[in-house]
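A, B and C are the chain letters, set down in written order, and residue numbers restart from 1 in every chain.
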Amino acid sequence: MDLAEVARRLELATLYTDYAACLDSDALEHWPEFFTETCRYRVTSAENYEAGLPLGLIYATSQNMLRDRVSALRDANIYEPQRYRHLISGIRIDRETAGALEVSANFLVVRTMQDGGMTLFAAGRYIDRVERTAAGWKFARKDVVLDSRQIDTLLAIPL
Amino acid sequence: MDLAEVARRLELATLYTDYAACLDSDALEHWPEFFTETCRYRVTSAENYEAGLPLGLIYATSQNMLRDRVSALRDANIYEPQRYRHLISGIRIDRETAGALEVSANFLVVRTMQDGGMTLFAAGRYIDRVERTAAGWKFARKDVVLDSRQIDTLLAIPL
Amino acid sequence: MDLAEVARRLELATLYTDYAACLDSDALEHWPEFFTETCRYRVTSAENYEAGLPLGLIYATSQNMLRDRVSALRDANIYEPQRYRHLISGIRIDRETAGALEVSANFLVVRTMQDGGMTLFAAGRYIDRVERTAAGWKFARKDVVLDSRQIDTLLAIPL
């Protein structure tokens, strides 16, 4: 492993760390910036993913659709005082293709309610395609593959 | 820290990442390949581990015994539709001996049932001995030390 | 990213790994050694942290106060047979200042009771200041910012 490869792996770790920090701090307006303009973003279940079913709980095919999603979430104006905390481990480069990397990682999201109750909110696997752009590594595709068939929330939030 | 040491740490991270991905994707037939032929694998409780008791929920002293274990699990034919998700952190080289590393790490396994219910399935510490072989890093010994005295499952699965 | 930067990031990962291992193995007498002599340590809620409120569930302004804390915990002699397991991910250098780094990370602590019951004990974010000393990296400030407003424990333990 040479220094360039080491650096690439640490840069990918930073990408996922920054992504989690963005969501956990409810800085959703910055969330679309982690994607390329022509990205595809999807939240789906492992069952649907393995069956090759295209749709999901959230499905977007551009950075602009992600921005719309955030606007919709803000406009819905549902006061949700809970906090989310992402734990991500096992980041792995599965394949390297021209100008892009197929990367996967395990995630766990813990939700803490205002009364202090904590629950396992979501667990699963990110199956992503990342590209190096002038502004750094971006997600060209992100499949959030949930171990569960559903998530317990009124409005599907970004994961 | 020189580049060789950096590379070694990232290689170990990859070993644990691949190990978790193997189990989480239910690719159990590949699980024995993470071990040396003369390996020792054990799942035990922290109480028993600290008391120096040798046995455990699972105890195997060769790669072949691990293969038998997988066959037994497949033959048992218990349809368990749940999914497991490993989160591993805190990988640490505790000691270096001739040709081998003593490595430990924290793990958490979350189980998702078919109805969507999620539970904390297991937490604890891997206390391992890894050796560099012609086919890469392998576990010569793996002690899966559970914080709990038992795990909630009909047939003990690899962890 | 040059080798010095890579090494620094791996050294920080080791700091958090060792810190978690110290707490999880109940080696509390060694816990103060992770801090500088004039450190500040605090466990607080995200609400209080964001409101700028200074106090917390635990508040200490020197390594000696941390030692006193450990003595008090030991003297309290409450037999607590539970085990704690830290999962830490997303370690990030947020800022670099003269001779110190502002570092944050996500954590999750799972508690296992003697009867085997497991609960989500705490989740949140470490917001730290680390300094390189002759004895390695130390915490000059550690804010343990809990997602919850409280933790379920008789005597607040180090996190």
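Throughout what follows, contacts are C-beta pairs under 8 Å (C-beta built on N, C-alpha and C of every residue); 3 or more make two chains touch, one makes a residue touch a chain.
Because the structure is predicted, anything quoted here is derived from the model rather than measured.
Interchain contacts join each chain to each other chain, per the touch definition above.
Two copies of one chain, chain A and chain C, form a contact in which under half of the residue numbers belong to both partners. Taking CA atoms, the transformation carrying chain A onto chain B includes a rotation by 120°, reported to the nearest 5.
Each chain gets a centre from the mean of its Cα atoms; for chain A and chain C, those two points are 27 Å apart. Residue positions of chain A touching 2 or more other chains, listed in rising order: 3, 6, 87, 89, 108, 120.
Residue ranges of chain A in contact with chain B, taken from their complex: 1-3, 6, 9, 46, 87, 89-92, 104, 106, 108, 120, 123-125, 147-150, 152. The touching residues of chain C, when paired with chain B in their complex, are 3, 6-7, 10-11, 14, 16-18, 20-21, 24, 83, 85-89, 108, 110, 112, 114, 116, 118-120.
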